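Alright, structures below, take your time with them.
Note that chain A is present in both complexes that follow, paired respectively with chain B and with chain C.
Moving on, here comes the complex of A and B:
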């Protein structure tokens, strides 16, 4: 299970303040705690700094790479920002994200191919918000085609089926889970990834919904996730979800997490 | 979602002591707290009293019916015990349980048909312990045939796919979940039910595994469960699982549970 750790995001007020104030120690610490908590990629986002996103993101990248050896997930829709950051990276990153919109697709895929980057592809086009399972799977097929045509290997593609809020779309989680199951079967080698915050938007006890959805989605084959690995109940649900989904032989990883005090 | 509440079971030491001492207030209180916590059926078991099960169970039934208006789930493999208890019941019960073993099947089904009882059918025969999805679904088909032939309507049958411990059977939860999904599709009108304790046998933080499995199984169509409704995190996972599974329109029941202070 690949974990892209989401805390260094400028939509969080404290992170935006740290970027604003060039508080490097805050950013480095966020990188360290997520690394220790089991992240595989550290997501970095400076999207709140409109007009100045590239400069801010370069500084964040520098701070994070000073604190961790993990590769980064470059979180921007803007090909120019991604292109500007790529030369700084010490390891091939994940690019978060492309959609089927031509400008974004055509701007980003050549960069991903040239740098050996993993790419998150959202099931979203200019024409439709894919709400049904069928629409999500259809857009996933288009992503597979576009990405492989651009020279990015299928196993570097992480398809995000997109999850709408349950509060307004009661079928949203099931549609995403069924899409994950079908995508993993129809395109052997591709990966699926999800963020967990949309699903619970507008509901109470959001983290309960988030971790319940995560564990259920893992049982459908979800093999990557964007989350905060320092969220203890969420991390515990992830480990339990993998054991339940027969993806943790003899629950050895689950038991190791227990011994490390991370299930309680 | 039908909840059969499991606390009044003589395998619990405190319950066995209460039966032994004819401590009616203890039993009545167990019935009351489970009723208030959202039970649909109160399971009663006196199986620990070998040779004296019927007399003990009759007493338990009397105590429980004095404390709640809910129907009972009569938890015994013994047709004679079930037959002896049935005349005392104020409402049609659930019978927990039959298997495909002829003595149990032929002893219990006529009683169920005559009393309009619901029946839990375990995916277990004399020949096999059904560990694979295919075996579970095959035995489910045999249960459907036997039960309907005996005059019990299909919608009074609750099929338990049986869940083996993950610690020894890493595929156990997935096999059960996939069986639930197939059984609910192939036999429209039938129900599925599970207990939650086997799955986590031998693992640490058992309740985390139990509730993770429950939520994932709900997303496969599980529509009944044997559990302790007073277990707060388990009850919260149940409600979140129903919302995620698109079985709680606009999460209204989830929000009601939040307002009642039952998600925290």
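Moving on, here comes the complex of A and C:
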């Protein structure tokens, strides 16, 4: 299970303030605590700084790389921002994200191919954001085709089926989970990934919905996730979900998490 | 105020989808004017629901189910309105701006505006300023509501307001803006006429702007 750790995102007020004030220690600490909590990639986002995103992101990248050996997930829709950050990176990153929109596809995929980067592909085109299972799987197929054609190995593609809020789309969780199952079956070698916060928009006790959805999605084959690994109940649900889904042989990881004091 | 109107309001506020049609039919049989049923039953109930949502007493899906219940009631009474008797409260065009595909917030606002009796035209997502201007010129709405969820697409709102002013349309068409990153000060800065922090506030702003016209 690949974990992209989401805390260093400029849509969080505290992170935006730290970027503005060039508070490097805050950013380095965010990188450290997520690394210790079990992240595989550290996501970095400076999208709130319109017009100045590249400069801000470059600074964040430097701070994070000073604090952790983990690779980064570069969170921007803008090919120019991604291109500008790539030369700074010490390890091949994950690019978060592409859609089927030609500008993003054509701008980003050659960069991903050249740098051996993993790519998150959203089930979204110029015309639609996929809502139904069928649309999600159809757009996933188009992503597979585009990515392969651009020379990015299928194994580096992480398809995000798009998760709608249960509050407004009662079928949202089932549509995403069925898509995950079908995508993993129909395109062997590809990965699936999603964020967990959309699902609970507008509902009380959002974190309870988030972690319940995570465990359920894991049971359908989800093999990567964007989350905050320092969220203790969420991390515990992740470990339990993997054990229940027979993806943790003899529950060894689950037991190890218990011994590390991370389940209760 | 008649007892049946109270029951209609209760049914909407308590989200009783199974009861609403029968109650509205009863009100019609009792001879209550269809406009009275709409104003004092259906819309009055949604005002309460909107307030409950603003006060964080209810959650998004509860508000949506109330709006669905209200619509079921409206469907019963609408065919009874004579065209000269139907009083549209104003036409509002709603869209998510160019570069932004997010429509959940916009759709909630649309439901509440319809619940308040406005005629709403949904122009969808990712709408260019040019297309918006075409639509304004051909459909002549009273009010345009623009939504953005991304900080990167907020400048599109500024452009829309600017072009509206350049074309001298700002006297006839008001603009309100909203969405998670949008604030009252941003709305004021770009010259928008109003800002709604949530769906209920958007309804209040729409009422105020349209009554000012």
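As a convention for this text, the second predicted complex is superposed on the first by the 264 of 264 C-alpha atoms of A that agree within 3 Å, B and C clash if a C-alpha of one lies under 4 Å from a C-alpha of the other, contacts with A are read in each partner's own complex, and residues count from 1 in each chain.
What we mean here is this: contacts are C-beta pairs under 8 Å (C-beta built on N, C-alpha and C of every residue); 3 or more make two chains touch, one makes a residue touch a chain.
Predicted model only: the values in this text are computed from it and were never measured.
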Chain B versus chain C as contact partner of A:129, first or second or both or neither: second
Touched partner set for A:201, first chain B, second chain C, both or neither: second
Partner chain in contact with A:113 - chain B first, chain C second, else both or neither: neither
Touching partner for A:2 - first (chain B), second (chain C), both, neither: neither
Partner chain in contact with A:47 - chain B first, chain C second, else both or neither: second
Chain B versus chain C as contact partner of A:150, first or second or both or neither: neither
Touching partner for A:37 - first (chain B), second (chain C), both, neither: neither
Which superposed partner A:164 touches (first chain B, second chain C, both, neither): second
Partner contacting more residues of chain A (chain B vs chain C): B
Doubly contacted chain A residues - partners chain C and chain B: 166-167, 170, 203-204
Footprint of chain A on chain C - complex, ascending: 59-61, 64, 101, 104, 107-108, 126, 150-152, 154-155, 181
In the complex, chain B residues that touch chain A: 166-167, 170-171, 173-174, 177, 199, 203-205, 208-209, 212-213, 215-216, 219, 236-237, 240-241, 243-246, 248-251, 254-255, 258, 263-264
Chain A residues touching chain C - in the complex, by the definition given at the top: 11, 47-48, 50, 77, 124, 126, 129, 164-168, 170, 201-204
